[in-house]
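Structures incoming, each one as structure tokens.
Both of the next two complexes hold chain A, though its partner changes from chain B to chain C.
For the complex of A and B:
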């Protein structure tokens, strides 16, 4: 329970740092950190396969994609960085206050009524669920992957002209 | 593994809502395509945690994991295509500020 709370605090702190930091590259590192903490929480929620996916794909692959995209943008000068820092502070000073207020309010007032949960009636092996129960999802995933591939190909084809 | 309880659902839910607020605030305030994507990522993480938590409370973690894996696959495709669009926008307009992307303006 205490470890879960520490992890959840770390998750929100990492997310806030991701959103508030000025340099894009640090934001990407913060996002990877958020994913890694989320993967630990997933593991503690008895979902190891999803945790492995989160760690490898969201913490690894998405970071690589973002870093590649960021590497094409221009690095800003120190004077511009100072100006940007002031602008960001003016935009984001409200976020920590909102989060602390909302957190304290919800901790005191958010109470979900007790509910009875029925026991699962089918197999609990995730591989069986994916292949037998949710096999239509796999077709959807393949279609989405192809759509993504074609989208990227079209985008970069346009760039070559 | 300890028995899941409704009180556990309560305090997880508080942090999930805080993650939602962070993501939405980032999308609303930032005028940068990559930052908007990062905000979207934070939102997706909150949804992922909510789905897994629901599966854990109900004792159907396998089903929740299957749905989360689908979500992660869709997330990666969205990020790749959106990253490509941000790159394309920077290439042609030398900016990733959506206010200055006026190519499609009617």
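For the complex of A and C:
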């Protein structure tokens, strides 16, 4: 239980750091860290296949692509960095206070109904479900790939012309 | 039969992208137009031709579980018409051949996505294909690479992602409580009253996601930007059908036939519907740009559908489905009108374009049909569907909501008459330089859509008789 709580807090912290940090490269690292913690949580929740996917694709492959992209960008100057940092925090200083207050309020007053249900136990293997039982979703996946390809072609390739 | 609606556009997409140059030229347009015409005809004449079609041979290869009922047929028919119109508008307004070709490809992806959304019988597949449709729209909207279009796309993207998170969480809850996320499995779980609290939370989360997707108040922030900044053909497609299928149709399907909705939740749905009707109509008054005004009007009309859905009686459901069809037709008509203004004068700003009726006789006449139908003036199509909704609300004892629906019709008429007077009928000394004529294909779309609006209005008793047998 304690470990789960630590992991969840770590997940939220890494995610917040990803969003709030100025430097793109740190945001990428934050994202990879978030995915890695999520992978651990998934493993602990008894779905090792999902954890492997999360770790290899979201934490590994995507980070590589992002870092490649970031390496094409330029660094911003020190002064602008400081200004940006101040402006950015000025917008959000109220957020943690609101969150903590709302959390405390909800903990005291909200009666959470009994949501505890046993996780469904599937006899089928994940691979069998994906490849044999859900053809339609695979078809959707192919369409998503096509849309992605056209997106890249339209938004980036034609910009040079 | 059903899987043809999915595989045909996908196959055409593959064929168009084979490495043969002649496919990229004009022929792509004709192939896509032919496909859409076949979709329109086969969905309209399905009852007649169903007996002559051999059983689905594709079932030997794919295990697609699809259902082709009356609601799905109405949707396929509407999708076919609006997509065809968008295709014609794109042919007339897009700058280069390359743009047109890209548009056709993305149109085919979103067409496959929408057709499948309409036909699936499983909640997870439904989610997957809503996302497919949305993804193609993000790219379509950003085709016009100006700053405002990108901003509109970004807003839609972020809110769409939030909606996706809601829906995915709801899916997880459904999986926990129902074990089976096919529509029949969820129905069974509702009738067995298992895990009621969890089911209710899941339904509420799904509802929030769908409200964002369909742009109901208070989740409407992205709609005006998305509709008004996109390219003309994309606006027609987006406002006419895509957000309607990805949001409103799914609401109609799930909350009409799959979920069992508690009385409290019905009240919430009706309240959101009524709030959308009134607030969007009030906001439409303040708009200076024609496309933005149309976008707000679209939110308001979606409110009618949601209100009728919340009412829950069979008559209200019939009214909601029928208003869906009518709204898709006349809102596409009005967006095509704005496209012809854009083409002729290079702007849709109502402060710049005044008194242009004499220069655009077809546009001004058809826009009058479209906006009178939106406001619910007899005998046009919008009148009948609104009448059905109001009668249903009245007979269900929701008199306050019926009054809201009725009175906002007057408001709608007011802001549209303001638009019509300003843009078309005002006497003015201002002369605007014409940037070229309105192409024939746009005029054809305008006349076609106006003719459908009038014909459906005049022939409504006949149509009601057909629909009556199916739903009441």
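One rule holds for everything that comes next: the second predicted complex is superposed on the first by the 135 of 161 C-alpha atoms of A that agree within 3 Å, B and C clash if a C-alpha of one lies under 4 Å from a C-alpha of the other, contacts with A are read in each partner's own complex, and residues count from 1 in each chain.
One rule holds in what follows: a residue touches a chain if its C-beta (ideal position, glycine included) is under 8 Å from a C-beta of that chain, and two chains touch if they have at least 3 such contacts.
As the structure is a prediction and not an experimental result, all values here were calculated from the model.
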{"item": "Residue contacts on chain A - larger count, chain B or chain C", "value": "B"}
{"item": "Which of chain B and chain C A:144 touches, first, second, both or neither", "value": "both"}
{"item": "Chain B versus chain C as contact partner of A:17, first or second or both or neither", "value": "neither"}
{"item": "Touching partner for A:91 - first (chain B), second (chain C), both, neither", "value": "first"}
{"item": "Contacts of A:43 with chain B and chain C, given as first, second, both or neither", "value": "neither"}
{"item": "Partner chain in contact with A:136 - chain B first, chain C second, else both or neither", "value": "second"}
{"item": "Chain B versus chain C as contact partner of A:126, first or second or both or neither", "value": "first"}
{"item": "Touching both chain C and chain B, counted on chain A across the two superposed complexes", "value": "114-115, 117, 119-120, 133-134, 137, 140-141, 144, 147-148, 151, 155, 158-159"}
{"item": "Parts of chain A lying in touch with chain C, wherever the complex brings them together", "value": "113-115, 117, 119-120, 132-137, 139-141, 143-144, 146-148, 150-151, 153-155, 158-159"}
{"item": "Chain B - residues contacting chain A, complex", "value": "1, 6, 8-15, 17-19, 21-23, 25-26, 29-30, 32, 34-35, 37-39, 41-42, 45, 48-49, 52-53, 55-70, 72-81, 83-88, 90-91, 96"}
{"item": "Residues on chain C engaged by chain A in the complex (per definition of touch)", "value": "6, 10, 13, 62-65, 98, 102, 105-106, 109, 112-113, 116, 120, 122, 124-125, 128-129, 131-132, 135-136, 138-139, 142-143, 145, 175-177, 179, 195, 197-198, 201"}
{"item": "Contact footprint of chain B on chain A as seen in their complex", "value": "1, 4-5, 8-9, 11-12, 15-16, 18-19, 24, 27-28, 31, 34-35, 38, 41-42, 45-47, 49-50, 53-54, 57-58, 61-62, 65-66, 68-70, 72-73, 91-92, 94-95, 98-99, 102-103, 106-107, 110-112, 114-115, 117, 119-120, 123-126, 128-130, 133-134, 137, 140-141, 144-145, 147-148, 151-152, 155-156, 158-159"}
